[in-house]
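Everything on this sheet refers to the single structure shown next.
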Amino acid sequence: MNTYGTLFRITTFGESHGPSIGVVVDGCPAGLPVDEVFIQQELARRKPGQSKITTQRKEDDAFKILSGVFEGKTTGMPIALVIENQDQRSKDYSHVENVFRPSHADYTYEAKYGHRDHRGGGRSSARETAARVAAGAIAKLFLRSYGVTIQAFVSQVGDIKAAHYTTLDLSKTEDNIVRCPDATVADKMIELIDAVRLDRDTIGGLVTCVIKNTPVGLGEPVFDKLHAELGKAMLSINAVKGFEYGSGFEGITLRGSEHNDLFYTEEGQVRTKTNFSGGVQGGISNGEDIYFNVAFKPVATIMQDQETVDKDNNPAVVSGKGRHDPCVVPRAVPIVEAMAALVIADFVLRTRTSKL
Amino acid sequence: MNTYGTLFRITTFGESHGPSIGVVVDGCPAGLPVDEVFIQQELARRKPGQSKITTQRKEDDAFKILSGVFEGKTTGMPIALVIENQDQRSKDYSHVENVFRPSHADYTYEAKYGHRDHRGGGRSSARETAARVAAGAIAKLFLRSYGVTIQAFVSQVGDIKAAHYTTLDLSKTEDNIVRCPDATVADKMIELIDAVRLDRDTIGGLVTCVIKNTPVGLGEPVFDKLHAELGKAMLSINAVKGFEYGSGFEGITLRGSEHNDLFYTEEGQVRTKTNFSGGVQGGISNGEDIYFNVAFKPVATIMQDQETVDKDNNPAVVSGKGRHDPCVVPRAVPIVEAMAALVIADFVLRTRTSKL
Amino acid sequence: MNTYGTLFRITTFGESHGPSIGVVVDGCPAGLPVDEVFIQQELARRKPGQSKITTQRKEDDAFKILSGVFEGKTTGMPIALVIENQDQRSKDYSHVENVFRPSHADYTYEAKYGHRDHRGGGRSSARETAARVAAGAIAKLFLRSYGVTIQAFVSQVGDIKAAHYTTLDLSKTEDNIVRCPDATVADKMIELIDAVRLDRDTIGGLVTCVIKNTPVGLGEPVFDKLHAELGKAMLSINAVKGFEYGSGFEGITLRGSEHNDLFYTEEGQVRTKTNFSGGVQGGISNGEDIYFNVAFKPVATIMQDQETVDKDNNPAVVSGKGRHDPCVVPRAVPIVEAMAALVIADFVLRTRTSKL
Amino acid sequence: MNTYGTLFRITTFGESHGPSIGVVVDGCPAGLPVDEVFIQQELARRKPGQSKITTQRKEDDAFKILSGVFEGKTTGMPIALVIENQDQRSKDYSHVENVFRPSHADYTYEAKYGHRDHRGGGRSSARETAARVAAGAIAKLFLRSYGVTIQAFVSQVGDIKAAHYTTLDLSKTEDNIVRCPDATVADKMIELIDAVRLDRDTIGGLVTCVIKNTPVGLGEPVFDKLHAELGKAMLSINAVKGFEYGSGFEGITLRGSEHNDLFYTEEGQVRTKTNFSGGVQGGISNGEDIYFNVAFKPVATIMQDQETVDKDNNPAVVSGKGRHDPCVVPRAVPIVEAMAALVIADFVLRTRTSKL
């Protein structure tokens, strides 16, 4: 459904072309200073129209906090936050009211619910993720007091790949519009996206996320393992097709003698010499960097004619109209960070209960 | 924690070397005939000692149902099912009571809980998955009435890969001990595992799972998307490092015009010409095959000396003793199926509420 | 926390003197016509200033739906509904910023959260219940299709009691401002409330609720029994001190031979001759009327000086200012109905899963 | 369903005449010494056959811990605890296989689930509460470290009432078989129960529960108020018809000026002069005694002929056979305590998250 998290919990609402979208953040501890400028900055990283390689829909994504904050600090009460939709152009969607766009959610929503808001994908639109980013910003503010940092970046567009995160300066992620801190490939990524756009087509990509300074002990086995929750959170983002952490799919071909992370001690802290575990062992954080990859498919809306069917099962042809992203990953970076922040914040709270 | 599922819900318990492990299945609808022979067969597919390429621990995994079944049928009440541990050799673990085995959960459990059962990994042992397989067998029985079938198989060991599932006869999965229906590679996989075992080492692998005949409409966006729950369920299995569905990570390099699944109509049913979507669109099943891959790391226990530290932060050396799998994927096949069955059964129940 | 319900689920937010309050209704099945006039009518039954025996705060309680409704019908997506606060007079509360009002939540919120919105009780204000009434109105619309009716009324004010519900015409509840369908006592109740108000004091009361035409089978033992959920829902309403259903506390003095409800058959339907069970047996509805009583304490805010302490543990004196109800039950009637509707709607959905 | 609690969570299973009943306790913090003698003592207080005024069914209620405890202390893992059924006499129930016993759960279970274990009431039997008592004993052990004490007692049988708890020495509760610490009425209660039993009838009663030394701050408004959860927990116990806390139903007739609990300071601690609030204000504990009453109906099984219907809607006559309690409250005392302990333990854990 539309609620995520156990103790640090969000409920999102809103459709792409309704009056507004929003989120209720419940369970955020009281006493947290709420830096509204920071929340707005996070929303700006996700908002449409921010560069030539994103959709040109214009949304300020100005938000309003309706509850849960008093004199600049959280009260422990639910924080409701609303963002108005401003630049809907619903008539761009009148041609798909009765036609199912390929690889969109049109058909499955119609089949499941029987009645749906078709405009701009309605609830299935990635516009919903703005609410996640706002909530994630609050989670980030909470995690600041623990020293946790969460940094995502674009690590692949099409077949152009960035270097491994350990060789990059992640503070440079925002230095270019594709959000890739590897300067040697960022321009090529941008060129590729631009070329794809001119082809009236779209392309997939990869986002890598790195979480540093997590406390040891986050994760609740056997089902709510840290990486299992991260996986679910990432897979719940629009267009995501895969998740791997640590050695991930490459671990398949390794031997145990290569893959095991040997323990040693550094300044009284247990550490590992390598980190194929991705900072998670037995579903619980071990204090090393948590890192994972999130695969995004090419955006389904392309500016080309495609065969499909309509509600009455008749053949039809549909082509994208309106304003769309040729590649989703540059704007997905803050969304990945937001969901990661929500998962980590939830486990930080849950972990307070593991011992007497 | 140790409960999974919303309406079809399981709670597992038990440690590797305690008196028994078990599961409570809650929410299974009343009136379902419980085929105990089938449950035992499923457990036999997972049990240790079943072939030369698995651990030689001997467990019958005979189960006993304590509740919830009357005159051979479910009553809608919680079904408790217990499996005794028989072949514990706890003294095989006395050497690791105070030493953290590399890439195991020893250190993180110690740090999180402060007090743990170290014998055989305690709760973090894959022995817990027997309870999942038993519960999954009940879910499979429930899904039979819907015609849903769930078939997993080993699709890769080390760098030896099977062909794509659409070209294989999945009914042949149980024809060999590695559970790979691609006869052209199964023997090579077995040889590789055997070679690795003789090297006192371990190797990773991949399990592919295919779900056929699912009703259209399973999945509860925006957070409980069908593939997001499948991902969490798979990532909660021991040793799993990655999950992808449909086109997965390969989708990164594709263009939208290649990747989109065009709709057409067949016998009054909306179908797609290709299935890069993996049977899930917008987080909801569309009636096509659901298929996904689950990456397993090489088993952490190797029969070689490895450097590590002990509880007091002193350097130590540890080597595997006892009986262990050189490669986890042959026995992981029924576990993957079980978790998939539990996810699908839960959504089948949840979907009953989506319309008036 | 601030979410209630399993499948038909609400999340409320907002403080008494913040910009607005609201609710997100998640899980309401798609295809339900949303009668906004009806929702407004329900809110009008709860709103302040509706008669001389309620608080004189003026709130239109005009609501706005932000999501989840398209072309007048639900889409299965979360329904966000916001009500602006208009007539806050926060300065009426400046005298209690640092002083704990007796029998209010001031002290416990301060102790638990450390930082709170003191204005008008903040989140602990009964203003929050407007959001429940709006959500309950949607639940009532859903239950209409099942023929379920939910009718609450004031059955006692101070020591003035109405007759048993089975002897009353519940359609007359709205005929007087105290919402008591027993015309023989309604005027006396109004007089008592008015007299108490002139005494600058407050008085307690009782609300009885009757639910007719519920399907047989609602309730999920052993913990989520129908009456247990009703009890929790009622006890979660501000100022409630007790809940009883069927024979309730009077059942203590009865013998089994008097209290048992004998079964008989009427038009092919199993019925009971008496209804001490209150329509619930073993935690599951049996098709008879469900009825229960909800006890409300006297409102804590009185227009008299009372001894108390301040944040610094110094003695203080506090007196009510602003606009308050001398007796809460007339306005509590729609709140009780709303919570009952939410519980019943949730169980209607949950019950769809009990059989194959 | 069959799971209760958010962080300190239990799942019970088992039927009256199945092989065993049991419970899984999940979320109990690690490091807690498990006093098995104490658990057995608690079970002994609830077990049948303990005195002449209880059922003569003979059950030792010996329990076995299957998991979650290592070297005498909890590990943070799920604690499974099983109790064998020994003295089932299922043939005592063959006469009600197809007949619905009045005011039992036979009819509603049949209608809801379609297939049920009729023997001894199956899952709806109060035998299930043994599992709750065992789990509650673990919760009590956890609460010991906080100094919290939970004491219930029989405060009324039929119309014989004990004095108010504040005038009684609750350590005397176990001094008599009816568990009433008021020596002036305990014998009368026993006589009444015995007389009722000789009449082949049953009688209702009241249990009062007092919780002392709770930390300030327990409870999670607006829905999970402390008293609301206590109410649900109590109402989930078999035969309970009502719940009230603090002033309860008597608060209806009081005025605010009488009912408000004035604050003062004692040794630096905020206290209230009276305690009509029952230790809970705004849904959160304030440090005063928490006290509440739980009303139990007369046991439905009476040794008299009663009219009813059978599965085929034919008229029938049924009379109690087997061994039953003439009054449930003496054995209900430890059950009420157990559920209270589980609620308080859960909130103790939840409260760890309310502030930064």
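To keep things simple, chains are lettered A, B, C and D as they appear, and every chain counts its residues starting from 1.
Here is the rule we go by: a residue touches a chain if its C-beta (ideal position, glycine included) is under 8 Å from a C-beta of that chain, and two chains touch if they have at least 3 such contacts.
On a predicted model such as this, the values are computed, not experimentally measured, just so you know.
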Farthest chain relative to chain C (centres taken as mean CA coordinates): B
Would you mind telling me which chain pair, A-C or A-B, is linked by more contacting C-beta pairs? A-B
State, to the nearest whole Å, the distance from the C-alpha centre of chain A to the C-alpha centre of chain B. 26
Mind checking the centre-to-centre distance between chain B and chain C? Centres are C-alpha means, answer in whole Å. 46
Roughly how far is chain A from chain C, centre to centre by C-alpha average, rounded to an integer in Å? 39
Mind pulling the residue numbers of chain D that touch at least two other chains? 1-3, 12, 27, 30-31, 76, 112-114, 123, 354-355
Counting only chain pairs that touch, give me the topology of the graph as line, ring, star, complete or other. complete
Residue set of chain B touching chain C in the complex reads 7, 27, 29-32, 76, 142, 145, 349-350, 352-356
Going by the contact rule set out above, which residues of chain C touch chain A in the complex? 1-3, 9, 11-15, 18-22, 24, 26-27, 30-31, 64, 66-68, 70-71, 73-80, 82, 112-117, 122-123
Mind listing the chain B positions that touch chain A in their complex? 1-4, 12, 100, 102-105, 107-109, 111-114, 123-124, 128, 156, 158-159, 196, 199, 201-206, 216-217, 219-225, 227-229, 231-233, 235-236, 241-249, 251-265, 268, 270, 272, 276-278, 281-286, 293, 295-302, 304, 306-309, 313-315, 351, 354-355
